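Here chain A shows up in two complexes: once beside chain B, once beside chain C.
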Partner chain A sequence: MNNPNKKRLRRTMMFLNAQKPGLLKDPFLYGPDSIMLDLEDAVAENQKDAARFSLYHALRTIDYHGCERVVRINGLDTPYWREDIRCAVAGGCDSIRIPKTESAGDVRLVEEAVAAAEQEFGRPEGSVLIMAAIESARGVMKALEICESSERLFGIALSGGDYTKDLQTHITGTGIELMGARQNLVIAARAAGVQCFDTVYTDLNNMEGLREDVETIHVMGFDGKSIINPRQIRIVHEIFTPSEREIVFAEKVVREIDAKKAMGIGVFTVDGKMIDIAFYDGAKRTIELAKASGVYKGEL
Partner chain B sequence: MKNAVGREIPEEILQATGKEVFHGNHYYDGYEYRKDGPVTRCVIHSGGSKLVDNIHDALVKCGIRDGMTLGFHHHFREGDYVVNMVMEEVHRMGIRDITICASSLGKAHDPIVPYIEDGTITSIESSGVRGKIGEAISNGKLKGLAIMRSHGGRVRAIESGETRVDIAFIGTPTCDDYGNCRGIGGKSNCGVLSYAMVDADYADKVVAITDCLVPFPNFPAHISMTKVDYVVVVDEIGDPKKIATGAAKPTTDMRKLMMADYCTQFVVNTPYFRDGFSYQTGVGGASIASTISLAKIMKERNIRMRFGVGGLTKPMCDLLINGQVDCLLDTQDFDLDAVESVKDLRHFRISAGEYADPFNKGAVVNKLDFVILAALEVDVQFNCNVVVGSDGVITGAQGGHPDTAEGAKCTIVIVPLLQGRIPAICTDVTTVTTPGESIDVVITDYGIAINPRRQDLIEAMRNVDLPFRTIEELRDIAYSIAGEPERVQFGERIVGIIEGRDGTIMDVVRQIQPFAFAQTEGQS
Partner chain C sequence: MEIRKPAMAGTLESSDCQVTVEEGNGRIDFSLESSVIHQYGNQIRKVVYETLSDLGVENVRIAIVDKGALDCTIRARVEAAVYRSAGQMDDLPWGGAIR
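The block that comes next holds the complex of A and B.
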């Protein structure tokens, strides 16, 4: 199974209530990398079928202009999730997000249902990816197992609200309560070679707070962040887009390593910094990210 | 007969009104005419007072009779009490066939609808109407025609004698017993009296109505005692909470912010964005947001605005406070910050005539570089509709839209591609209120279209990174999302006309009829 979308750029993943046509009709205008059409918490218990209906028709009729369409299904402890998957796969979604994931078994259960739906609705095998949301202490402790559970799994995401409740604390705005989980998840994801996404920042009036939060998780190694409002997109993208200085430096590193390798030189300096082969992948990643963000016009 | 925007104007309307069809924006350029003059009255005896006890007595002294035209201004916006209290008295006196000539009418005036229905009021001339008056007109309840004209067009109609105002009622926040009116002070502070100035100059009788009588002289007067016949003091001329409120919070709606950002980027990339430029904008969320973002770029690039015009809001007045604009020219104040700003010596009051009248020797709008406007609909010819709603009911006002759009070198209309579920960019607007030749750019959330008449702007934007599309492409996207709407179903009777600035007929508005589904094949 080799779905090229597994590694796509996912700096921002914007939550949208799948029951609200006004939100579903054109979120791509704001330029998020992914949208997450929510059938779970945003939808009232007695509206689940109505939400599936609008989700299905939105997926079938709206051109999302290359924006990834992730569907958050209801929890595996509810009677809804199987029908959610059928609807989402039939509609043509790109990925399924599993809430409250606590084990590799959870992922495999969903994987089976997704594969069955692909077959039922004539979609190519492996075309629908999966991501797992970690929302409990147990989920955090099982992160590596979850990350390695399925070929379809492109990443994991921390869901801070439920996680802090489980931890018997609350969101403080400082990030202290999330430190362990963030660190653990990003290490597990990197170990397994999948992506890792941070939880939402809920204070819409505090753009400076958001900026600090995103700067933190960017440095920690996260691939992106869940967001709840299009106003948050620009800040996240700004921080995740390599600066011109970083791009120029990465370009030099890649070119120098390529050139020096041919000459048999292993260690050298670029702009006064000692460089060796260990810098190569990072520099390549910077270039790829710059390309995907639309700011790199060079030839590498 | 077809006019220059392709609208068929029925012969009977041309005959009934004596008007011509719209021939294009510059049809009357250079036209010479003699202005109309009011009846005036010599007051020579010394001392005295113009105070009369109540509106009834003022009406009697002014010789109110059937068929007269009464003038009103709209500086008290949705807080206005003056129109209602005067019309209530007119109705009580049994007067009929009144024409109301107002600079605008809104929901505040819903209570006069019964006077339309019973024939007290039989004609309305206004820049627009909202609320129940609009519904009454569109349902055919007004016996005569509603004439919708721009702010500049109203001054033209009065100055040229086309409309003779018999009695003007000027609500004024402060007044002395000799009729000196000021737009500031008192409890109904509206800042300026710009729209009332033409009434004071041209009405045969002028009645000032105030709820704050001050000792003579109430100077400097915005409307002078030399033009006022009577002064009436009432308990309240308006609801201050609805006249001018605290400044609207800047919008947090990302769609509006995005369009505002497109607008600012467009503005700064035109050749007109240079030191000493001029600018006018409206009160919508996107317009206000674009003023705020423009101010940032002006600061970064050290570019100053020479003058800002119009109905003013806090962001424009902030430019004055921050020294980013040399002066403001004020026709109306939309919030308390604007009312407060009038005290600044660089904040000038101007009359509606100075602002926008096409039939004088040059108006301020002619000197505008940019105007940022909104619209209900824009069609592929760039014609705008700002008056008639998607249900066919009159529900908006031309205001200064046609005036500023024609005058400004770069006229930008910001409109979301879909208004609710109705495409705002369409093949044909329901009603043309501002001709496409006046509109240079349309900015939507889905992209920006430049009027092909403006090849210079298209050239200026060649290397600018904004989502440019043709207007037809924008329409097609709108139709692909919402479908092509069925046209509004109107009856035959014409209930209103949309005047061009010069008094020619831009379009007509017909009576609405209840919606009926089109017969489709196979339907029983």
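The block that comes next holds the complex of A and C.
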């Protein structure tokens, strides 16, 4: 199973209520990398059925212009999730997001239902990917086994609201309460070779706070962030897209390492900084990210 | 499909429509309220009749209050109302009668 979308660019993943036609018709205009069509918390209990029809036809009809379409299904402790998967896979979604994931078994249960739906609706095996949201202390402690649970799993995401409730604290805006979970999740994701996404920033009027939050998770190693409003996209993309200076430096590092390797030189300087082979993968990753973000004009 | 009990789906929010179905008098009785009825009334009617035909509904009184819904939204709301009326939430025919 080798789905090329596993490693696609996912700086922003924008939540949209699948029950609201006004939100579903044109979110691609704002340019998020992924949209998250929500059948879970955003949809009232008595609208779960109607939301599926809305989701199905939006997936089938609306051209999202290459924006990844992730569907957040209802929890595995509800009577809804199996039909959610049938609906989403039949509609043509790209990925399924599992809420409240606490074990590898949760992922495998969803994986089986996704595979069955692919077969039922004539979609190629492995075409639908999975991501797991971690929303509890138990989930954080099981992060590595969750990350390694399925070939379909492209990443994990922290869901801060439920997680802090479980931890018996609350979102402060400083990030202190999320530090352990963030660190644990990103380490587990990297160890397993999957992506890692941060929780939403809920104060829509505090753009400086958002910027600080995104700068923190960027430095920590996250791949992107869940967002709840188009206004948040620009800041996240700005921070997650390599700057011109970073790209030029990465090009120099790659070229110099390639050249010096041929000459048998292992350590040297680029722009006054000591460089060795350990910098190679990081520089390559910067260039790949620049390419995926559409800002790379070089030839590497 | 048979309309077993009155049911409603959708909202009166912009880009949405509210659909009400109840048992008819042996035929399809269609009524529409829309601020764009003169421009899109025929198109909305066509989508509703096509959807009912796909679902095999021939005996229904159906009322639509449109707030600028796309065709795909109209289909979704009609289907939701019909399946609510039938009391069916699972094992739905995605890609079959729902298309």
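A few remarks follow.
Just so it is clear, the second predicted complex is superposed on the first by the 300 of 300 C-alpha atoms of A that agree within 3 Å, B and C clash if a C-alpha of one lies under 4 Å from a C-alpha of the other, contacts with A are read in each partner's own complex, and residues count from 1 in each chain.
Just so it is clear, a contact is a pair of C-beta atoms (placed from the backbone, for glycine too) under 8 Å apart; a residue touches a chain by one contact, two chains touch by 3 or more.
Here the structure is a predicted model, which means the values were calculated and not measured.
Judged by the touch definition given at the top, the superposed model places A:175 against neither chain B nor chain C. Of the two partner chains, chain C is the only one touched by A:20; chain B is not. Counted by residues of chain A touched, the larger count belongs to C, out of chain B and chain C. Of the two partner chains placed by the overlay, only chain C lies in contact with A:121; chain B stays clear of it. Looking at the shared chain after the overlay, A:204 reaches chain B, while chain C stays out of its contact range.
In the superposition on chain A, A:56 contacts chain C only, with no contact to chain B. Contacts of A:86 after superposition on the shared chain: chain C is touched, whereas chain B is not. In the superposition on chain A, no contact is made by A:32 with either chain B or chain C.
Of the two partner chains, neither chain B nor chain C is touched by A:224.
Counting contacts by the rule stated earlier, residues 25 of chain A appear in both its interface with chain B and its interface with chain C. Taken in their complex, chain A has these residues touching chain B: 25-26, 29-30, 204, 229-231.
Residues of chain A touching chain C in their complex: 20-22, 25, 48-50, 52-54, 56-58, 60-62, 82-83, 86-87, 90-91, 121. Only residues 9-10, 13-16, 69-73, 75-77, 79-80, 83-84, 89-92, 94-95, 98 of chain C touch chain A when the two sit together in their complex. Interface residues of chain B facing chain A in the complex, by the touch rule stated above, are 252, 254-255, 257-258, 418, 445-446, 481.
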